[in-house]
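Just below sit the structures, each encoded as structure tokens.
You will see chain A twice below: alongside chain B first, and alongside chain C after that.
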Partner chain A sequence: MKRRDKMFPYLLLAPSALVILFVLIAPLLYSVYCSLYQCTYMRFTKFVGLDNFIKVLTNMDYLKAFGRTFYISAVSLVIALVLGVLFALWINKYSGITAYAIQLLVLIPWVTSQVVGTLLWKWIFSEDLGVLNYLIKQLGMAPLKVLSDPNTAVWVLIFVMTWRIIGYAMVQILAGLKSIPKSIEEAALIDGAGKWQLLRYVRLPMIKTPLLISTIILTLSNINNLTVPLSLTGGGPGTATNVITISIYRLGFESYQFGTSSALSIVLFLVTLVLSIGYVKAVKYEV
Partner chain B sequence: MRSNQMQVSLGTLEKWKKWLHIYEVVLFLFVVIVNLAPFIWGLLTSLKPVREVLSYPPKLFGSQVSTEHYEEVFRGTFFTGFRNSLIYSAIAIAVGLLFAMMAAYAMSRFRFRGKKLFFILILSGIPLSIGSAAMVVPNYTFFSSLGLTNQWYTLPIIYVAYNLPMAIWVIMGGLESVPVQIDEAAKIDGAGNWRILFGLVVPLSLPSLASAALFIFLGAWNEYVVSSVLVSSASLYPIQVSIYNYMGFYGIQWGPLCAAATTAVVPTLAVFAILGRMLISGLTAGAVKD
Partner chain C sequence: MRKMKKGLALVLALVMMVAMTACGGGGDTNEGDGEKGAKTEGGKKELLVWTFLNPNDESGRGYVLAKAKELYESEHDDVTVRIESLEWDTMTAKFFAATQTGEAPDVIWVNGLNLGEAIQLGVVEPFENLFLKDWTDEQFADLDDVRFEYGATDDAHYQLHLSTNVYGIVYREDLFKEFEIDPNFESWDDLIAAAQKLTYVNEDGMQVYGLGVGYNEKSADSNYLRAQLFTQYGDVVDENGQANWDGDVGQAALQMQIDMIDKYKITPQSAVSATSEEMYADFIAGKYAMVFGGSVRIPTIKSQCAYDPDSVKLMPYPSSNGMDGKGLAAGWNVCVYSGSEMKEEAGEFVETLCCPEIDKLWVEEGGQIPLLKSTVDACGEFLSQPDNEYLKTAMEMLENNAVAYNSQYVISGYVTDLVKSMQLAYVEGKSVEEALATTAREFNERNNN
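Then we have the complex of A and B:
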């Protein structure tokens, strides 16, 4: 009986542990193995050691793709955080059903399918038939080359990625604001703090954790985003929006080079892992 | 004199308040429009007659409400994708909830070696499964080396695994409010471990189970990239792949695409509207601790 009790928690954990091991951990280890081989069409022919890593990390195309990824992710993150804080401060004034309704509304882009959201934006942005260019023409301006001009395409990609994540940032920050005890804010106001001082010295320090968690989760989500760039621009025009996930995807599923695409995936995974560790450290929990 | 001044300033204050209100209404409308624009425009497009989708200038409404596009997508591959995703999600929810409930119970009620390690694994798995592009190639190569791609169970396995960490985390949060005394009392009465879990604790954890189910559903229903490489027969495609395929080789079929996209969003919005509060508290757990 005693022995069975001791085994019980392990029995409870076993199914989850096995699934996570089998679908998340084993594939990554297998990818490390693949990345050490020359491989086309899933045939691992020659052991090449770290050559694949050297190849991808000295290739300017991939380095540029990493650069683009970080640039696009960072710009999108900053916009989402700034607007997230502003929205949260605005909604914080309301309570009850109004605040709840606005939260639901801004979370819709986060909970709905990225394929659906992106493709429907693409329809609005369509250059000859899209409603955006129609409105621009009605205002008497020249129609935009929305997705065919490299510079605009980058901003459109940033727009759609940011549109998706603002709600997440806002909801996190709002939860932080709501958790600030009213007495602290009132005490600050009685002591003569202005609106800015209240924000700078009371509110911002108290929402550090939600800000940090949003930063980590959203950076991770942006860097790892393949669905949005793939459905919106496919990396084009030219290489303007070719982020690293597009490179991995094309290398693997269009050129069937699974050695090098595994190597690139491992590099991306390591970046992700660092962010995940940050997340584990940021989250408040007790075991 | 003095009271006069007061009145003036009060008057401007009132005016200012009124303006503030208008400015807030405008802001609110702006937020509504930007957040919903693609869905609204997609819905309007999907209801236009086939000839009018590509007409220029674009009109808000077609000459009549037409269900042609919906009939087309439900006759075609989209219906298969819709049905498949319902089945995949149902399997993922059932299996995911069972596994997550067991794991969360172990984590919140027992002390054992390796607990902290497993906990960190779960926690680091939450962000990993949110963004999965780094997992696409590993999942594909590993599954295809074992011959597990393109099977009816391929995607349910993936969906369960990706969403387990979040589900465990949410249910663990819910278990905090289920008093341990209940377990202990039952134990003294001679109830077995499994009986306590499924007979007592599970019925008391229904809210957090619903919240976890919502996260699993959203993850399974919305996943596109990994699904698109792990199954290759049209009969196994999930809904997102069948929508994406309206971006055909000969150009994008906007009418059917909008109808398929609108249909795909409806179940998401329905469960979100019902369980939204749970989703928000699940998302923000860990960011704030009360």
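Then we have the complex of A and C:
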């Protein structure tokens, strides 16, 4: 093979590699750099080594925020995946315009602007002027205090985050279901498999890959989501919905402590990286 | 293979260089395409201005800025003003970052909360070194007030205060008349008693509350605790720059905020999850009879409310412990970058922004409180119109009931700390002492005063 021919694939890869370099790698390295300095208002005043990391990892508020983030993300993810599978199995029965219409409907939250979708729900759940309480009052019942009660506010956040991602999970899983050869399902049915056995032993193993991809993408999407919690509850009431991204945002863009906020970002990045590797290893998926 | 890798590295490096060169220009430029400080094609120098205002939009303030630019350029044949409009909430941080890279503008709108840092960092130039050195005592006296003194020392004034926002109580006069309430409250007790009367279900079945506020940390603003700190201390930090809200005054004020919800029931529980923006929206919708608010919000409230817009009024905070109520006079500080190569020209642009001709426009077109005392007479007819009564009230409050931030110390994030105290006490169940001590400690550690 001529040298020019050998170079050709690399040349084709170069634009994507550059985009990744500038959009992902360079900011990441710059964050690492910031995290090693006392950096306020982007002024690097003092090299502090790992002090920023020690500071954030020994701060109980941030550790609690991490715990809250995982709890909210995990509950939302599990609900989304279960409902995604159920929706996909349901839609899989249909074809033509009905199937398209249902898919489109369920996918709308994923493609809608997060701010718009979240503010819509916030308006619905608004306590004094919201639609939900208006309907409840029409039924002669006492209005609900969903957003000002820390116990219910968490579930409202989980609900909105689930509402947003459920369509994506469903489409991925539906694509997996569609790719299962009919002959395999027919063979299982001929062998006497019931509906549950067909799902448990044929369909679920064969949609392992889309399930894994959905799990990874939606985990990252939930854990790194700032828009929904910030727009819906702003982290409150109290600290009930104060997820780690809100802490990072406040440190960086309200207190302008870019060194500390970068350190917290790096910790979050490492945690999500470990989680992603764990998922892949757990289902023995070859990348 | 090694040669191929070298070749690839070379190609990547070249593409990177091209990409970096391409990325080097740009920005949020609204007009002009010359480089900062460089001679333009016509041989003119270029003065770079960073602001959140847009001279090309239809807003009143944008229009006045465009007029100021026009006037300045007509008086300075050799200078072109390039105005870049940036997002207000990150503009000051960008300015601080830009001072490190030599890309800072000549004139900058600095957020009121950050002027202290700007002075401490030495990135803003005293006006005494610029246009003020040529001013007469009469000129100085015409401009000098609590706003102009913000951040000033004996011999250095660093900023021109624009978009002044005077905080007090925004209220609906129509409801006060309906319930026969006199808005000239002598004390907070009077205000609370009035708010209890004004908490009712209206003819549309809507629950109206007497006093609105937003305690969401996402977008915090004024509240009773802050009003008490400014009234009784005149500041949010003590003489050493430490948070002052964990003392008796703060504790009593925080307890009162809780009582306003639970005991007096003049503020709904939903206030703990409401942002200040939502509070204003709720006031516009008729949910509140009074809210903790700022004067700059009144034109928007008037333009959007479903009730009589002329009934929207502003009043100062009531007295506390025999002291006149004091609210914050916040705003934007127009400064000159100390590292600018065009400091003289930049100073002259700031001077243009506060000249009588432009100040009249700031009032009549921009809906702002005048900078110059002489403008009050020049705009007498405009200010006497019922629509603009709030401006007169705000001017009086500025004179008698306003304090500016302490610029000697860094106070970033204090507003969020105050509402966080409420969240900790009301939602998390901490005692008021513990809640205030927690946020005061966080403030002190963070700002390192």
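Just so it is clear, the second predicted complex is superposed on the first by the 253 of 287 C-alpha atoms of A that agree within 3 Å, B and C clash if a C-alpha of one lies under 4 Å from a C-alpha of the other, contacts with A are read in each partner's own complex, and residues count from 1 in each chain.
One rule holds for everything that comes next: a residue touches a chain if its C-beta (ideal position, glycine included) is under 8 Å from a C-beta of that chain, and two chains touch if they have at least 3 such contacts.
Everything quoted here is computed from the prediction, not taken from an experiment.
Applying the stated contact rule after C-alpha superposition, one finds that A:Val48 touches neither chain B nor chain C. When the two complexes are superposed, the chain touching more residues of chain A, out of chain B and chain C, is B. Applying the stated contact rule after C-alpha superposition, one finds that A:Ala169 touches neither chain B nor chain C. Of the two partner chains placed by superposition, only chain B is touched by A:Leu275; chain C is not. Within the superposed three-chain model, A:Val56 lies out of touch with both chain B and chain C [touch as defined at top]. In the superposition on chain A, A:Asp128 contacts both chain B and chain C.
In the overlay built on the shared chain, the residue A:Leu230 is in contact with chain B and with chain C. By the touch criterion stated above, A:Val111 is placed in contact with chain B alone, chain C being left untouched. Contact with neither chain B nor chain C is seen for A:Ile72 once the two complexes are overlaid on the shared chain.
In the superposed model, A:Lys145 makes contact with chain C only, not with chain B. When the two complexes are superposed on chain A, the residues of chain A that touch both chain B and chain C are 6, 10, 15, 17, 22, 42, 126, 128-129, 230, 253.
Within the complex formed with chain A, the residues of chain B that make contact are 24, 27-28, 31-32, 34-39, 41-42, 45, 54, 56-58, 98-100, 102-103, 105-107, 109-110, 112, 115-116, 118-121, 123-145, 157-158, 160-162, 164-165, 168, 193, 197, 218, 221-222, 224-225, 229, 240, 243-244, 247, 252, 254, 257-258, 261, 264-265, 268-269, 272-273, 276-277, 279-280, 283-284, 286-290. Chain A meets chain C in the complex at residues 3, 6-7, 10-11, 14-15, 17-18, 21-22, 41-44, 126-129, 145, 147-148, 150, 153, 230, 233-240, 250, 253-257.
The touching residues of chain C, counted against chain A in their complex, run 3-4, 7-8, 11-12, 15-16, 19, 89-90, 93, 96-97, 100, 117, 121, 206-207, 215-219, 268-273, 275, 282, 285, 287, 412-413, 416, 423-424, 426-428, 446. Across the interface of their complex, chain B is touched by residues 4-6, 8-10, 12-13, 15-17, 19-20, 22-24, 26-28, 30-31, 34, 42, 87, 90, 100, 102-109, 111-117, 119-124, 126, 128-131, 134, 163, 167-168, 171-172, 175-176, 178-179, 209-210, 213-214, 216-217, 220-227, 230-231, 245, 248-249, 252-253, 258, 261-262, 264-265, 268-269, 272-273, 275-277, 279-280, 283-285, 287 of chain A.
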